[in-house]
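Read through the structures below before going on.
What follows is a pair of complexes built around subunit A, which joins subunit B in one and subunit C in the other.
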Partner chain A sequence: MILDTDKEYLEKKLEEISSILPEGIINKLKNSISNYPAQISKEEIDKIIELTLRDYSSSLIHPGEAAGVVAAQSIGEPGTQMTLRTFHYAGVRELNVTLGLPRLIEIVDARKIPSTPMMTIYLTDEFKSDKEKALSVARKIEYTRVESVVDSTSIDINSMAVVIHLDPKMLQDKGVEVEDVTKAIKKLKLGEFEIQQGEDEFTLNIIFQNMDSVTGLFKAREKILSTKIKGLKGIRRAIVKKNGEEYVIITDGSNLDGVLGIKGVDVSRVETNNLHEVEVTLGLEAGRELIAKEIKKVLDEQGLDVDARHIELVSDIMTRTGDIRQIGRHGVTGEKTSVFARAAFEVTVKHLLDAAARGDVEEFKGVVENIIIGQPIKLGTGMVELSMKPATR
Partner chain B sequence: MRSSSKKIDPRVHSLVPKHEVLSIEEAYSVLKTLGIGPEQLPWIKASDPVIKAIGGKPGDIVRIIRKSPVIGETVIYRYVVSG
Partner chain C sequence: MSELSDRPNGNYILSWRRRLTIYEKARIISARTLQLAMGAVPLIDMNSLSKDVTSMEIAEEELKRGILPITIRRRFPDGGYDIVSIKDISGE
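Then we have the complex of A and B:
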């Protein structure tokens, strides 16, 4: 709490230090000074700000500090306590999410496709409060093949026909009409054929005119069953779930590019856990953000408290060269310029042999290579070189 | 896939921070204060969807204003490389 007359003074003081302290700290400082239970005088404000500045400058990273090693330790140590765990959605058997160590490995390896790709799709104002409307969007994106609405099939050799019995329950569940199925089948290139209605409205007879062998008929059946009726490639299931006030769609499988083109989807909030898709459609910086977010999510879920800055360092390094690289042989470590640094990591002989064949030069600029040959490393106090200038007589 | 028929501007998404291309004078003063050459900055490809949207060319320097929960807004720079 401060006097009203001192408010202006505080603002002025904070303005002065705004070039030194980051915005977040200044806001926090302002809040804690104005909301402090006891009254704070002008002199005390000065003192507080002075102490804050001193604290801030002493906790900055020092030149030559091994920030990467600290980050590696800070993530690695809690990492040993992580468990292998898969998280299951209550009530939905098909939907589970890899978490814990396997997921962490997946992120730092920058896999193209995560083992359990998943999306959370938020909807626009028009769709988000109505369950029916949300369901209609979910049905539109769920990848549905003829196979998933079929009850049974049979082959009629007499008239060279494939007979398909549709399952009315599944049709309703997936929001598909019989017409949609016939339309999808008509588009197929299977030679000359016509579709006739069978004994009831859910039976289709597909009669081939020029089919000469039974094996051809079997092949045609396979093709028909795997025909897409609607939906987006890669999305195996879409479930509508209530999240607070609004309905959201949770999907098994991910197709960011496709989902962004669907009407009713809130483009600004679509979430996916597929790093590669985000990099391609939303750009590198979004990918970087997602790496940090996903690592944080994994660690938080396990109850491990790791400072966000260590994680951001990892995501910064992974995106340094313009695309997402894994931490490992095919990425960050594999592209090091030093031969010894690469050889010390994995497949030693191959790297040494290749380097010898190419005539590579080792410059001894990094840490690993200098340790190998027993030189002081350029880190901390090893970074500076002193030269003496004898006093002139 | 029906996708690419309708391209969405990536900048509307909440994951994407603000990007802007620096003018030559600005870029020069940034490099001067940092005391480095442009290729020592982190890179970003010219084919990146956001760089395409703001019209960045290889050789440009882009200012990116990230919103971090820890320290508020942070400014970083990236060097646009071809690719």
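Then we have the complex of A and C:
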């Protein structure tokens, strides 16, 4: 701890070095000095700060360090320890999320649609403590088709009608009324038809006036069954879960644009694992953050500890040119200017032939091509240019 | 020297003026070791060193005493460069 009179002095000193040391370290310094059991004098504060500065500057990396190679190895080596099992209960039994090595490959390949898209939707204060309200939002966004509330169907050739028998239990489960189904079917473009109530309130007879063939009738039935009643495209299931004090919606499927427009959704906390959606809706920097976050998630789940800066280097490289490109033939590696580097990666002959036909020039600036011809690499010691002027006697 | 402080990383470049990177140090020692091994005359008094000293140890001692007449050209990504003389670098 420090005397109250010294508090200002500490603040001032920390303010001076705020441009040199990162914020996290300054906060740690402040906390540990203030909370130290013994008393710390002004001179000791000075000494502590000086030692911290010295320690910090001597641990910065030296110019010339092969940061990319180090990052690649730092992620690749724990990667060999990752198991290949892909499924994991994300807290909910029905949802299986891709994790581990396959997910890491998905992220690094910048795949547009992940194999298990998933969203975690937090609700606004008004909605988050009320289970009914949460359920209403979940029902609103879950993509419901006619076929999911249908018990059975049949075709009546005599009157050229499609008969649909609805399941009252499913209707209640999905929060759908018979009128909603009728309304959705009415919107279809199937020529002239009329919807009548059948034997009971849950049966609909859809009679077609101008249907000429039986196959047309079957096609119409298919179309009716796959008609959307409500919900957002892409959200296969929406499940309400209690997370501590609040209710949260976990979805199987992802539709960021749609979800952001739903009332009751806390827009500042919506989470998704679909990189492409985030890049398109929230921008490239958000996409970059998500890449780093998703990779860290994969490694953490496997119990592997990789420093954040290696992961951030990967996400920085992937987003360097303005959109998310994959590390691979159609992205970062494929856009290298060196012919030999591309040829050494994949499709060797094609690259060499095209380069020869075009008259490309190989400049030998990078790592791969210099290794191929046996020259020192322009990193580390290979980056040092010395000249000597022996003293003349 | 005045243009350096205008750069956004001017302070960073200046902070390295009196330091050698580990890569520069390795390169200098290895180059000097090769010279000595191929018959160059040591620039320090051999009597101050132990009897069975290796070329590399001579080179390390020469660097430590700051008597090597070597300069380093440090290139920046924008094409500019900085020339640093080892003799000016404080004893490492």
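The criterion applied here is as follows: the second predicted complex is superposed on the first by the 378 of 393 C-alpha atoms of A that agree within 3 Å, B and C clash if a C-alpha of one lies under 4 Å from a C-alpha of the other, contacts with A are read in each partner's own complex, and residues count from 1 in each chain.
Keep this in mind: a contact is a pair of C-beta atoms (placed from the backbone, for glycine too) under 8 Å apart; a residue touches a chain by one contact, two chains touch by 3 or more.
Note that the coordinates shown come from a computational prediction; the quantities given were computed from them, not determined experimentally.
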item	value
Touching partner for A:283 - first (subunit B), second (subunit C), both, neither	first
First, second, both or neither for A:183, with subunit B first and subunit C second	neither
Partner chain(s) touched by A:263 [first = subunit B, second = subunit C, both, neither]	neither
First, second, both or neither for A:388, with subunit B first and subunit C second	second
Touching partner for A:54 - first (subunit B), second (subunit C), both, neither	neither
Subunit B versus subunit C as contact partner of A:380, first or second or both or neither	second
Subunit A residues touched - subunit C or subunit B, whichever exceeds	B
Which of subunit B and subunit C A:23 touches, first, second, both or neither	first
Which superposed partner A:365 touches (first subunit B, second subunit C, both, neither)	neither
Overlapping contact positions on subunit A, where the subunit C interface meets the subunit B interface	none
Touch list for subunit C against partner subunit A, complex	15-16, 21-24, 26-28, 30-31, 68-75
Of all residues in subunit B, those that touch subunit A in their complex	1-6, 8, 10, 12-17, 19, 42-45, 48-51, 64, 66, 68-74, 81, 83
Touch list for subunit A against partner subunit B, complex	22-25, 27, 232-233, 255, 257-258, 260-261, 267-270, 278, 280-286, 289-290, 308-309, 312, 316, 319-323
Interfacial residue positions of subunit A with respect to subunit C in the complex	57, 62-65, 380-381, 383-391
